[in-house]
Amino acid sequence: MKKIRVTIWNEFKHEKNNPDVAAIYPKGIHGCIGDFLSECDDVEVRLACLDDPDHGIPNEVLDNTDVLIWWGHCYHDAVSDERVEYVRQRVYDGMGFIACHSAHHSKPFKRIVGTTGNLSWGDEFHEILWNLKPSHPIAAGIPDKFELESEELYAEPFYIPNPDDLIFGAWYTSGHIFRAGATFTRGLGKIFYFQPGHETCRSFYDKNVQRVLKNAVHWCAPNEVGYEFSNDCPYIKPIV
Amino acid sequence: MKKIRVTIWNEFKHEKNNPDVAAIYPKGIHGCIGDFLSECDDVEVRLACLDDPDHGIPNEVLDNTDVLIWWGHCYHDAVSDERVEYVRQRVYDGMGFIACHSAHHSKPFKRIVGTTGNLSWGDEFHEILWNLKPSHPIAAGIPDKFELESEELYAEPFYIPNPDDLIFGAWYTSGHIFRAGATFTRGLGKIFYFQPGHETCRSFYDKNVQRVLKNAVHWCAPNEVGYEFSNDCPYIKPIV
Amino acid sequence: MKKIRVTIWNEFKHEKNNPDVAAIYPKGIHGCIGDFLSECDDVEVRLACLDDPDHGIPNEVLDNTDVLIWWGHCYHDAVSDERVEYVRQRVYDGMGFIACHSAHHSKPFKRIVGTTGNLSWGDEFHEILWNLKPSHPIAAGIPDKFELESEELYAEPFYIPNPDDLIFGAWYTSGHIFRAGATFTRGLGKIFYFQPGHETCRSFYDKNVQRVLKNAVHWCAPNEVGYEFSNDCPYIKPIV
Amino acid sequence: MKKIRVTIWNEFKHEKNNPDVAAIYPKGIHGCIGDFLSECDDVEVRLACLDDPDHGIPNEVLDNTDVLIWWGHCYHDAVSDERVEYVRQRVYDGMGFIACHSAHHSKPFKRIVGTTGNLSWGDEFHEILWNLKPSHPIAAGIPDKFELESEELYAEPFYIPNPDDLIFGAWYTSGHIFRAGATFTRGLGKIFYFQPGHETCRSFYDKNVQRVLKNAVHWCAPNEVGYEFSNDCPYIKPIV
């Protein structure tokens, strides 16, 4: 069986600096995501962090990654532009990209999709996620709604491009809503943004969040491309 | 100045049968909408009701209507299929169509757009409408959010096609959200669905609701078409 | 392995009335499509025709169909409205629908999607199909372009709703273009329109056409739905 | 009358280096565009070029521009990243952006929209532009098709994000097609890409090309925004 090669990137700072976060995610958020994705027989997981050499994503890693999952929060600017550009190129060449939670403001997401990624944010509130597109593969097996005891408030207006598909919408006790799950396509790459996953919340242990991310990995994995793709503007001759 | 000819269609039953509704909308919901739309110099209003001959929308009325606004709730089935088909044809030929509130389940909306229009519904709750697409002409001048003291709960999952633009999202105290303002295009026609407007609520007196509907009338009005449009499948010859 | 249950519906008139067509498609167009789809291990094929009892698609067939493929041309009006309504309902409930060639004007396609399906048409010309969305599963393995020696001219303007994804675009020697492959979603159902397949042309023997249809069957197959779906407007209570 | 303040940016190199181009566009391509846009009473034109100080688009110019039109071809890299970033910010804040012809590969277009902008290109051929979305304001008054005697071949696959609306499609004698007119929205800004306009062709004298650009200027002009927009991620409090 051909495996989907997933690289999970994490800042991995909160888990070291904040004992509360470390208690929730002792192996790091990336470790937690890696654990449940590894339940899929057809998924192969690699972990990468900000402080690794080349942030853990040198060319040879990205060249062998089918789907890159990105969790970043407070150190977006610490990611080198050179790595970001390579990630962007790889996505345009077909690598899938899943932006978790605060990655709405990460350099790769903003540049790949073309957006400020701006939103409003607040404290933690009870959240209900509504399934707006049950026919989409990312929503397969997900109920009409599911609840997260507590999540950081991310609220509209969320300045993203019109998504290809809007899959989840969030309700918060605070009076706010949010487009919490949305797909985009750029070049040959498929992109999914998903809001849950604040470092002090337990969302990555939620069975529905886990199912969404498993589904998303499969949806974002690149298709077979039936021609020689060149990331360039080739000169062509008439064909008739 | 060329005026936009708007026809406002209303079941006009609740206002006759329910004194509470009559107290809120003494001239009928259509009368209320007509009053505030008439504040626009470039809008010309005509009223039509279910019990009028031909439901108030004979061919000669529809042929001279640029935008049809539809409010229906409990008598969807009382609208003749023959009139519905003519409305649908006129929309595909360019007439704008604004479906208010329960018109999600009206025959014209369902057939024009291609949908069941199914949703979940409940009692009245406090509603907050969020502006998701401030760059759209229908959102011009609308704040980032506005509140309605009380509206009938319309909730996701809402089985509509992917909108061309999703403009408003609703939050309710009840824990629900809703895609409350959405545009569609079919043939030459522009369609806008807008959720506020339950008969026992005062939403059509809200300044933001009024501004949205004024904007929507202007957005839905047909463009100049630069060719002879025939609603047919013409046989054509090679042009080179 | 759970199989995708595909029902292929054909008017099956040209093949009986026109020896030229019979020579190309001796088993009928549906038979030809069934033959190449049967090459997929996970696909189970059933054939149905206009002249069969209930047009070959009684409720018990549709209730056990995952994807319905539709080929119709000159007898659209001969299909009973009652069957069409059941097809529409089944699509909104999740059954996939693939409209081949002249099915742009079939009753099911027009009603499911909400469109006149009007286009311009002409004689047969050389056609080149361009792959506009190589990252879509329906385009998996398809080259940047492929050519059909001869196809009936279907030309813009094509009055369809904005597709969810526009996958193929057609070029004809005649000077015309066409949105030749497009996806839509309605309710829980996934819909694909694909232009090639005129009865006097050999397009269904083309390897790329076959691959597109195989891909489309897999893409249109319904997802697992994680909640009790009721095709209705349920009354709901507050959840907070 | 409030005027739409349009700034037309041009590399303005071909016109100086190539007598054939100078003969077609003696005032420069920007001068030609400025001339026909000035026929609109509600449009105010300013010209800007690569070799002007700050490329003619210092902050005070961009801050007073409603719609920026961009024509660039061979000197994309000569545009300073600092200016490009300010353009991008202004678009996300609401300034309209029209990318003409080779601006598919300009820094602003690629960064604003999030794309490589890659396409295939070739020599000059006869082109037919088809009107795919006659109901869109940018297509107002445009026939179902119009022809350009000769244009540089720009061909699919064109690696752009799914457009909000695909308005024009191009046919070339060479066997190629192209998504020649497409809209995008990012932040508060509206963007239009339009393919005609090679420097050795006379397309900017074509009445339909001129009408499209006049329409596009009006469509891209920013809406009234009904709230204090801050290009940031504000911290917010619960509102209920």
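A, B, C and D label the chains in the order they appear, each numbered from 1.
Here is the rule we use: contacts are C-beta pairs under 8 Å (C-beta built on N, C-alpha and C of every residue); 3 or more make two chains touch, one makes a residue touch a chain.
Please read these numbers as outputs of a predicted model, since none were measured by experiment.
> When every step has to jump to a touching chain, what is the lowest number of steps that links chain B to chain D?
Step count on the best path from chain B to chain D: 1.
> Tell me which of A-B and A-D has more C-beta pairs in contact.
Between the chain pairs A-B and A-D, A-D carries more contacts.
> On a CA-centroid basis, which chain has its centre farthest from chain B's?
Most distant chain from chain B: A.
> What is the distance, in whole Å, between the centres of chain A and chain B, each centre taken as the mean of its C-alpha atoms?
About 37 Å, centre to centre.
> Whole-Å distance, chain A centre to chain D centre, using C-alpha means?
32
> If a residue has to touch 2 or more other chains to count, which residues of chain D qualify?
Counting only residues that touch two or more other chains, chain D contributes 128, 131, 134, 144-145, 162, 164-165, 173, 175-176, 185, 187-188, 239-240.
> Touching residues of chain A toward chain B in the complex: what are they?
128, 130-132, 134, 144-145, 156-158, 162, 165-166, 169-171, 175-177, 179
> In the complex of these two chains, what residues of chain D are touching chain B?
Touch list, chain D to chain B: 94, 126, 128, 131, 133-137, 139-145, 164-165, 173, 185, 187-190, 222-227, 229, 239-240.
> Under the definition above, what is the set of chain A residues touching chain D in their complex?
Touch list, chain A to chain D: 92, 105, 111-116, 118-123, 125, 153, 155, 159, 161-162, 164, 173-176, 184-188, 231-240.
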